[in-house]
Each structure stands twice: as C-alpha cells, then as structure tokens.
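In what follows, structures are represented as structure tokens.
In the two complexes that follow, chain A is the common piece, with chain B as its partner first and chain C second.
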Partner chain A sequence: MDPDTDSLRRAAIDRSVKGPVLFLFTNAAFWLMASTLMGFLAAAKLLKPDFIADCAFLTYGRMQPAHIAALVYGWGIQAALGVALWLMARRTANELKGGQGTLVALGVLWNVAVTYGIVSILAGNQTSIEWLEMPKAVWIVLGIILLVFCWRILSMAARTQRSEGFTITTWYLVGASLWIVWILWTAIALLGGNLELGAIGAGISAWYVHGLILLFFVPVGVGAAYYFIPKITGQPIHSAQLAQMGFWILAVIGGWTGMQRYLGGPLPAWMPAVGAMAGVLLMIPVGVVGINHHLTTLGQHKMVAASPTLRFTFIGALFYPVSGIILALISAFTTGVNLQFTHAWYGYQIVAVYGFFSMAAFGAIYYIVPRLAGCEWLSVRLIRNHFWFSVYGIGTIVVTSLVGGVQQGSSINDPLQWDQGFVNAVLSGQPYMAARCIAWALILWSNAWFLIHLLLMVAGLGRRSSAPTLLTHGHEEHLPEAANA
Partner chain B sequence: MSDQHFNPDNTDLDRLHGAVKREKADLPPGSEPAPMWVMFLGFIAAVLAGGQMGSFSGYGLESVPTYGAIQDPRSGGGPQVQLSPFELAMKKGETAYGTCNGCHQATGLGTPGAFPPLAGSDWATGGTERLIRVVLHGLSGQITVSGKPFTAPAPMPGWGATMTDDDIANALTYVRNSWGNKASMVTPDMVAKVRGTEKARSAAWTQAELEPYSKKDVAGDAPPAQ
Partner chain C sequence: MTQFRKLVFGIAAAFAAPWLFLIVLPAIGYQTLGPIPYNKDKGDDLDSAYSFPLTVANLSGQTIYKKEGCVQCHTQVIRPAQIALDAWRRGAGQNQLENGPEPVRATVLRDFFGEKHAFLGVQRNGPDLTNAGYRFTNRMDVHMHLYAPRVKNPWSSAPSYAHLYKERTIQGQSAGKALPLKGTQYDPGHGREVIPTPDAELLVDYILSLKKDAPLPGSKSAVAAAKK
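Now for the complex of A and B:
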C-alpha cells in the first residue's frame, strides 16, 4: 500500500477508538493511584497495627482487599481493555465502526460498579472470596460489560483486513478476550449463588485468581510486548516457532493451575496436584516468551534506553519470566509448603499484575496516547521518574515479599519452633513490611506524576511537535532509529 | 471526531499525523527455528512438573507428601513415649498452674504479706478435702500456714466456675508434687465429688470452717505419685 494512504488509514483507526481508549486509560490511572495509596496504608497497618486504629475502614482486613480490587478491576482490566481495543484495531486494520458512545457509557458503568464495590469493601461488606471481595451484584455488572467489550474486540479480529492475517499479538488478544469471559462467568456461576461450597469454594476462587492473571493479564501484556518490541526496534520477533509454542502451551495449561494454593488442604489430592503440575509446567511458555523477547532485543539496548515505550515494555518482559519462576516456586510442593499463605503470595500477585502486566501497559500507554491525543508527552523527567520509581518500588516489594515469605513460612513450619507463638513469625516479618511501605510510598510518588502527565495529555496540553519524547538528553538527532517511539 | 473549528494548529496535518507517519511497518515474525536447548530446558521443566503429579498420586503414602512424616521434637514428649498418669498430670498441671502463678508465683513461694506460699505449705500437702474446697470456692480471713500466721489483704477467689475438674485436678497434683512438696495425686473424680457435695456453696471458706477437712482426703483411687 502507498505509505501516505497507509498512515492516513492508521490515523483514521486511531481516531475511531480515541474516545473509549482515552476514557479507559484516564480512569484506570485514577484507580492505580487509589490502589497505590491503599497498598501503602495496608502495608503501614501491617507494620504498625495501632496506627489510626480507630478507623474501621482503614483496618488491614478492609484495606488489603480494596487495594487489590482497585489494582485488578479499577486499573488492570480497564487499562488492558484500552490496550486491547487499540491494538486489535491496529493489528486487524479495522476502524471501530460506531458504538463509541456505548463503550464510553459502559466504561462509566464499570467505574460506578467498581466504586460501589470498593466502598462496600471499605464499609465492611465483603464476600471474603479472594479477588472477588466486591458484592456479587458488582461481579455480574462487570461480567456483562466485559461481554460487550470482548465482543467488539473479537468481532474486529473476525474481520481482519491485513494481508498477513493473524500475528502473535492478535492470537494473544483473541485468547484474552475469550478467556476472561470464560473465567469470570465460571466464577460467577459457581461462586455467585448461595451454594454452600465449603473447601472447594476456596479452590475455585484460587483458580479464578490464577486464571485472571495467566489467561487475561498475561496474554494482554505479552501481546502488547510482541507488538511494540518489533514495532519500535524495527527488528522482527526472533522466532515465529517459539512464539507459537509460547502461546499454545499457555493456552492449554494456563487454566489448569490455581488449586495448588491449597496444597495439603481439604481438597481431593489430585486437584492441588494438577495445579502444582501446571504451575511448574508454565515455566515452559513463560521461558519461551522470555527467550524470544531476549533474542529480539539483543543488541537494541540503546533504543530501549531512549524510547519510553520500549523501556517499560522491556522491563515488563523481564518481569514476566520472573513471575513464572515465582509461580513455579509457590506451586511446587517442596518449596510451596513454606511459601503458601505467606507474603510470597502477595509478591506473586504484585509481580504478575504490576511488575509484568502494568509495566507492559505503561509502555503501551506511552505509545498510544500521543497518537490519540494529537500531542507528545511533555516531560522526559516525569517519564524517567515514573520508570525508576516504579522499577525500584516493585522490585523491592517482590524481593522483600519473597524473602519475608520464606522466613515466615519456614519458621511456622519448623517443628523445632513448636513452642513459639504465631505472633513471633508476624513480628519477625516487620522489617519487610517497612520496606513494602516505603516502596508503595515511592510508587505513589511516581504514579501521581504519571496521572498528572496523562491528564495533561488527554486535555490536549501536551507538547506540540512532530518529534517524539525520548529519554536521551538532546541526542535525538544521533538516534534516528529511535525516532518512532 | 475531528475538530471543525479553524485553528492553524489543528490543520497542520504534518504535526497531527507525525506520530503515525514516523511509525515503522508491522513486521511478520522471523522464521528462526526454536533452539534445541529450549526443547531440552522444556523437557527438564516437564519432568519436574510430572513429579508434582507423581508425589500426589497416593501410592503407598499415608500422609500428604507436602509435609511428610514430621518428627515431634518436644523433649520427652511425642507419641512414641508413653507417659504415666502421674507424669501426664504433672505436665498438664504445669500449664493449668498458669491460672495460679499470678499470685502464688511460678516458684510456689507466693508474695510475703500478700499471697501465701504453696511450697512447703501444710495446706498444699494436707487433706485433699480442704485443698479442693479452697480452689473451688476461695478462702478469706486470717490463716495459719505451716504454723505461722498469715494475713492476706484480699481473699482468694474461687475457681470452680472457670476451671474444669481436669484442670483443677492437674494443677493440684502439680502443686502437691513441686518445689519439694510430696503428696498424693488429685484426680478429676475427686474434684467432681467435692463439687457435687458443695453444690450449694458460693461464698469463700474460712480457716475455721475448713478445720474438719484439714487432714481428710477425698475417698477414691488415685494412681501412685512418683
């Protein structure tokens, strides 16, 4: 196709998704801010339980689920839907034909439902089902909204215009759109009623958490990385064969994991066994994707430093194998026996949802927003700030949660400590909680600037220029190859 | 969606489409074959994963393999060591004595001028009829401990309502056989018997009221105290 016609076409596609995508990103960024603040407060409550102890809604038992709900439903799924909508439109060369207003209205409804859900949690009205603490009515509202969004994304895939047909990104996005509907509606069907499920209810909830991470956040994040890395470096993905392996193995075994969270618990032994098997086996697709990304970015590290998108995508792609290894460690029974029910579980959730997925989503947002808002990111310093504070903050949380988890779990399991009170294991974890608290404070700082930066962009107050905002001091002219960030 | 108002900035097509124009083309993935060592590493991961299934299949395993058979590290305890009834009562009594040691102290010496001692006390080693009554309903007023007068500023409260027969029996066996004391065991049956006889009683006893019981033991068999 003639290059001018092609860029006009891409600009038209961008315009067609502008409203819903920018709406989702902006609201997601607000929720990310709220989640970070609540993460800080929850960590502070673990460190000093008597800190503002008179406020019932500030207690750890409410703060922690509200923090995770804001991270997953407020930020994660909204940002993922925005990224998926734009990526799918671009990948399949489809404009979003009508219905932008409906999507924005559903986005408003989504935010109203999440707000109601989180206020309910804070008011002490939670379901006690992990990651589904919001009232059951909220699950159904979210489930219906997701049906519409996923339908729009899938119907674009069904009308692919590109001559090369499906690419890796498209597979992952099709997978994510199908799987999240399956996972959420299964959870609603099994846990949403008034069935007295007993122990298996906890197992289903664990399956839901793993499913949402592995079959929604992972495919959207990996799909985005598979799109942006070759797009910016101009280097094709190293191996289509590795990419296929990574996708299909994830697709086949991703849904089998979860029940190993109740290793040794009151579930039929084969359930945790299958979950543990799948959790360890997932090292293969995760490793394969990691190797593929590594081989693609090999020798491109100068560009990784310069392009904000590539920088965030690259660090997300690094956190992906790390999250796979942590999942395998938590799942395998030799190591999992000391890691289950400890801080390590929080570490896994954060490395998967924040360290991997959110970093990839930040990368995508830094790429997409200038195209939709018609202006460039204002400040190199703010982006750099956001990047380093996030990386160090998340790194700190993941490392301290893992080390703290090992210490906590092994001291509770150690038969020689039979006469030690449970509280000793809690108290000895306090230094790690101090680190977590500081880390969330750092991330809070970085996310505040990210939010302000994003709001300025959406308001059209960005830099008026046709040159991208790159993270290298005045060296843009020496890096013409990075000029498409 | 495009802005219709006249604004030179908005009609600058070059700038508006700058971001789109500078993009590189979408590239199809390369056709490098998957490296052999990736297959090999995948094989190792698959074997490790299979091990998770194997260990949980349950063949010849009594317990969940996650925990295996855990050794009981408690000294002298554990399921393999059989405790005599007396040893067991002393062990449990030490825990049950936790109710008493706030006043009578872990050393059994009490607090001079406030709480009478149990070590070497004729109240502790004397008749079980008297001792059980003291614990069940409490004791007030001036008393004589091993020949010396003792005035406690506050009466001893009764523990009949809060402690079970087992706890009282174990605690008393412990008191009667610690800190140099040596006396017969108290069994839960004995405590139950006294509790039954004194069902109507709620007030604390005085020394005078208990005098008839001071040398009397509750009838009933008790295992020997070693």
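Now for the complex of A and C:
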C-alpha cells in the first residue's frame, strides 16, 4: 500500500473513534483529579481525624472508598476503554462503523452512574464491599455499559482481515474486554443479589479486586506498551515467543489470585493458599513482559527522553515489575503475614492502578489525542511537569505505604507489644501518612495542569504544526519516521 | 476469523477454571452448609440442644457499620496463633486483662453465618473487632469511643462520628443517656448535652454483639487427642 493511502486510511480510522475516545479521556481526567483530591483528604483525615471534623462525608471510612472508586471507575476504566477502542481500531485497521453517538451517550450514562455512586458513598450509603462500595444499581448500569463497549471492541477484532491485526496488543485487548465483563457480572450475580455468602463473599470481593487489576488494567496497560514501545523506538518487539508466553501465563494464573487477602482468615484454607501461590507465580509473566519491554527499548533510551508517549510508557513498564514484586510480597506466606491488613495493600493498589496502568494510559493519551484533535500538545513544560510530579508522587506513595506497612504489620505482630493496645501501630504510621498527604497534593497540582492541557487540546486549541511536541531538542533529525507517524 | 475464535476459546478456557472452582462452586457449596450440633459424647461442654455457631451478629446494627465504612480500618479476622499474634493480643477474646493460658481461637467460616457479606475488613488502622463485644464493659464506653475517640486514647486516629449524635440544650434534668463529656475537648458547653441517635444505638448494639468465640464442636477432644 502506498504511504498516502495508508495515512488517509489511518486518518479515517482516527476520525471514526474520535467522539467516544475524546469524551472518555476528558471525563476520565476530571475523575482523576477528583480522585487525587480525595486521596489527599483521606490521607489527611487518617493523620488528623479532627481536621474539619464536622463534615460526616469527610470521614476516612467514606473518603477512602470514594477516592478508590473515582480512581478505578471514574478514571481507570474510562481511560482504558478509550485507549482500547483506539488501539483496537488502529491495530485491526477497522473503522468504528456507526454507533458513535450511542457510545458517547453510554459514556454520559457511565459518568452519571459513577457520580451517583460516589455521592452515595460520601453521603453514607455504601455497601462496604471492597471496590464495589457504590450502590448495587450502579454496578448493573456499569455492567451493561461495559458489555456494549467491550462488544464493539471485540467485534473489531473479530472482523479484522489482515493477519498483522493479530499481534500481542490485540490479544491483550481481547482478553481485557472478555475478562472485565465476566468478572464484573460474576460480582453482580453473586454479591449484588440476595445470596448469603458470609466470608465466601469477602473472598469473592478480594478476587474481584485482583481480577480487575490483573485481568483488565494490566492487559490494557501491557497491550498499550506493546504497541507504543516498538512504534516509537522503531524496533520490533524483541521476542514474539516471550510475548506469547507472558500473555498465556497471565491468562492461566491471573484468575486464581485474590483470596490471599484473607490468608489465615475464615475462608477454607485452600482458597487463600491457591491465591497466594498464584500471586507469587505471577512474577513469571510480569518478569517475561518486563524483560521483553526492556530488550525492545534497549539502545533507544534517547527516545525515552524525547517522546512524551515513550517516556510515560517506559516508566509504566518499569512500574509493572515493581507491582508484580509487591504483589508477590503481600501474597507470600512469610512476608504476607506482616503486610496483611496494612498500608502495603494500599501501596499495591496504587502501584498497579496508578504507577503502572495510569502511566501507560498517560503515554497512550499523549500519542492518541493529537491525532484525534488535529493539533499538537501546547507545552513541553506542562508535560514534563506532569511526568515528574506523577513519578515522584506515586513513587513516594508506594514506598511510604510499603515501609509504613512493614512497621504497622510488625507492630501488630510483635509479641512484646501484645498488651500495648494499638498505640504503636497508629503512631508509627503517622509520618508515612504525612508523606502520602504531601505526595497527593503534588500529584493534584500536576493533574490539574494535565486536565487543562487536555481540555485545550480537545477544544482544538493546541499547536498547529506537523511536528509532534517532543521533550528534548536537537535530536529530531535522528528520529525514525515512526515517531512522527 | 478462526484466529479470533481460537483466541477467545483459549482465554475462556483459561479463565473458566478459576471462575468455576474458586468462585462458583464454593459459593454454591456455602449454601448447603448448616450449623454443627454440639455433642457431649465427643467432649463438648454443650449438648446437642445447641449447635455451632451459637449467635448471629446484630444485623440491623451492621447496616450502620457498613454505611460508615468502618471496614476501612477495622478487621474481623483472628488469624491462627501459629501464623500471627492476633489471638494472643490483650483484649482479643473474653479475657481482657491477662495473657490467657490459650490463644483465642481463629475465626472460621461458620462464624459469619447469617451475614450476607462478612465484613472482614480492608486494613488495620484500628484494632480487630472480632470479639469487640467483650472489650467494652458498658454501652457508654462504646458511645464515648464513637463520639469522643481521643478522650480515652489521645493518640487514636478514629474519626468522631458526631453525625450519629445530637447536641441539644439540657431541659430540666440531664438525660440519663447523655455522654459524659464534661472537661474533655468534646465538651458541648454549659447547659448543653450530647445524646445518641437511634442509629448510634444500633451501631453500639452491633459492636457489643461481636463475640465470635463460641467453642468449636469437637475441638476439645481434638486438643485432648493431640496432648496424649
């Protein structure tokens, strides 16, 4: 195919997904900011519970689940759907055939449902089921919307004519679309009805959380990384065998993990044991993917400095093995006992959803939005600002949560403190809470600018130029063609 | 097309196994479980007129526990003594003062009979509540923890659930259920008092009902057999 037809075809594909994808990205960025603000407030309330003590909606028990719900349902899933829709259309060379209006309408409904859900949590009407704290009616609405979105994504994969449409990115996106619907509807059927499940229900909700992370956020993030790293470095994926291996091991093991959350708890002992084993074994696919990404980037690190997309994707690809190691630490019997029920669990959620997935999603957004909006990012400084504040902020939260978790856990399990009440567990955690507070405040600053930057782009107020916004100057002539495509 | 079908089939097959064996079958299996009758012949203290579990937590009070998100900081899990210290901590069970001769028993599946969803908890920013019913000697102590958490423990990071209480002007005699806040940082001031709302009473009912340490049927005989 000659280059002109090829770029015309790409432009047609981009146009066909423009509406829904930009809608999802902008709303997601709003929720990301809301979640960051609530993360700050939750940490502040844990540190100083009497800070604005008169507002019931500010109590930690409401703010924390609202913060996570905004991160997962407001930002995470919306951004992931936008990325998946665009990637799948490009990967399989399919235009989105009709129904853009429906997708945007469903996007509106999604945001209405999430808003209602989060307001309900804050107003004191939550279910207290982890990651499913929003009222049960909201789960069903979200489930139906996801069904439609995933159907559209899958049908593009089913229709693809060209064999290069079936690369590893397509696999991950097909997997993510199937898994999230399956997992969410299982949760709706079992936890949303009138079934009495007792402690088994708690196990299922832990499985749901891990499933959403490992079988939705991870595949979308990894799929995007597998697309953008070769695209921008101009090098093919280092090893197709490693890529396939990483995918199938994740597919086989991912669904078993989760119940180690209640290791030693009231579940039948084999259930947490299987989960713990899976949590540790997941180091294999994580490591395989990490090595593959590393080898693909090798020798092209100059591009990491220059391209915003590659920079975010690269740091996300670095956070991925870190999240795998943290999961193994909280799963393994010896370390898990001390890390169970501590800040380390929060650290894992943040490193997986923010450190890994969101960074990969930012990278994708920096690549996709100029192609849809028809203009380039305005400011190198804003992108750099977003990058460094996010990396340092998330790094701080993850490290302090882990170290704080070790302190908290070993204080709870210290035989010498058997009669000390809870004083040390609380006091030793406080410096880390202060750090978490500051980190969220810094991230809030960068996310506010990210949102403004994105809104300007969507409004078509970006730079009118045919050259992409790069973070370093003077090396443009060395960039391969792909980086500009 | 066939490539897509193969992929979907592979993914479905890989995920169906954990879905079925870890989630669906245990969920169905749980429905068939029933209480276990005690048996004096097998060494239980109670006869077969009783069965395990003996009690169910106060479910209407649990609603308030759920709505306030108490699970974010309080667990209801006592892990077995061989892996964690939970069972040896002061206040973990009936014995509130001393290190007992035996650890408190770990929580088991049937402890949560009657509860639609067991609120096992997210994190331990506060103490475990499995046997919290023993920890408080009277209702007012629980009310004081909920309304004025830093009176007893100045280091506590518990929020004040002031919205579950009502502040009002004392009319005539102070109500018997008014919280003893005089002289604390939560003192509502002269001529004012703080009384619990029905929701606060429900929550206290629930907390006081948390006593998940009924003897396990056959456990004594098992201990005796192990000692031989």
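One rule holds in what follows: the second predicted complex is superposed on the first by the 470 of 485 C-alpha atoms of A that agree within 3 Å, B and C clash if a C-alpha of one lies under 4 Å from a C-alpha of the other, contacts with A are read in each partner's own complex, and residues count from 1 in each chain.
To be clear about the criterion, a contact is a pair of C-beta atoms (placed from the backbone, for glycine too) under 8 Å apart; a residue touches a chain by one contact, two chains touch by 3 or more.
These numbers were taken from a predicted model, which means no experiment stands behind them.
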{"item": "Contacts of A:Arg311 with chain B and chain C, given as first, second, both or neither", "value": "neither"}
{"item": "Partner chain(s) touched by A:His67 [first = chain B, second = chain C, both, neither]", "value": "neither"}
{"item": "Contacts of A:His293 with chain B and chain C, given as first, second, both or neither", "value": "neither"}
{"item": "Touched partner set for A:Trp248, first chain B, second chain C, both or neither", "value": "second"}
{"item": "Touching partner for A:Val274 - first (chain B), second (chain C), both, neither", "value": "both"}
{"item": "Which superposed partner A:Val337 touches (first chain B, second chain C, both, neither)", "value": "both"}
{"item": "Per-residue contact with chain A, leading partner among chain C and chain B", "value": "C"}
{"item": "First (chain B), second (chain C), both or neither touched by A:His210", "value": "neither"}
{"item": "First, second, both or neither for A:Trp418, with chain B first and chain C second", "value": "both"}
{"item": "Contacts of A:Gln126 with chain B and chain C, given as first, second, both or neither", "value": "second"}
{"item": "Contact residues common to both interfaces of chain A (with chain B and with chain C)", "value": "263-264, 274, 333, 337, 413, 415, 418-419"}
{"item": "Residues of chain A touching chain C in the complex", "value": "45-47, 49-50, 53-54, 56, 59-62, 64-65, 121, 124-130, 133, 154, 157-158, 160, 163, 166, 171, 174-175, 178-179, 182, 186, 190-191, 194-205, 207, 215, 248, 251-252, 254-256, 259, 262-268, 271, 274, 333, 337, 340-343, 345-346, 408, 412-415, 418-419, 421-423, 425-427, 429-430"}
{"item": "Contact footprint of chain A on chain C as seen in their complex", "value": "1, 3-4, 7-8, 10-12, 14-15, 17-19, 22-24, 26-27, 30-31, 65-73, 75, 77, 79-80, 83-86, 88-91, 99, 106-109, 111-127, 149-150, 153, 155-163"}
{"item": "Contacting residues of chain A [partner chain B, same complex]", "value": "7-8, 10-11, 14-16, 18-19, 91, 162, 164, 167-168, 227, 230-232, 234-243, 245, 260, 263-264, 269-270, 272-274, 276-281, 283-284, 287-288, 291, 295, 331-333, 336-337, 370-371, 374, 376, 413, 415-416, 418-419, 464-468, 483-484"}
{"item": "Chain B - residues contacting chain A, complex", "value": "1-2, 9, 14-24, 26-35, 38, 41-42, 45-46, 48-50, 52-53, 55-58, 64-67, 70-74"}
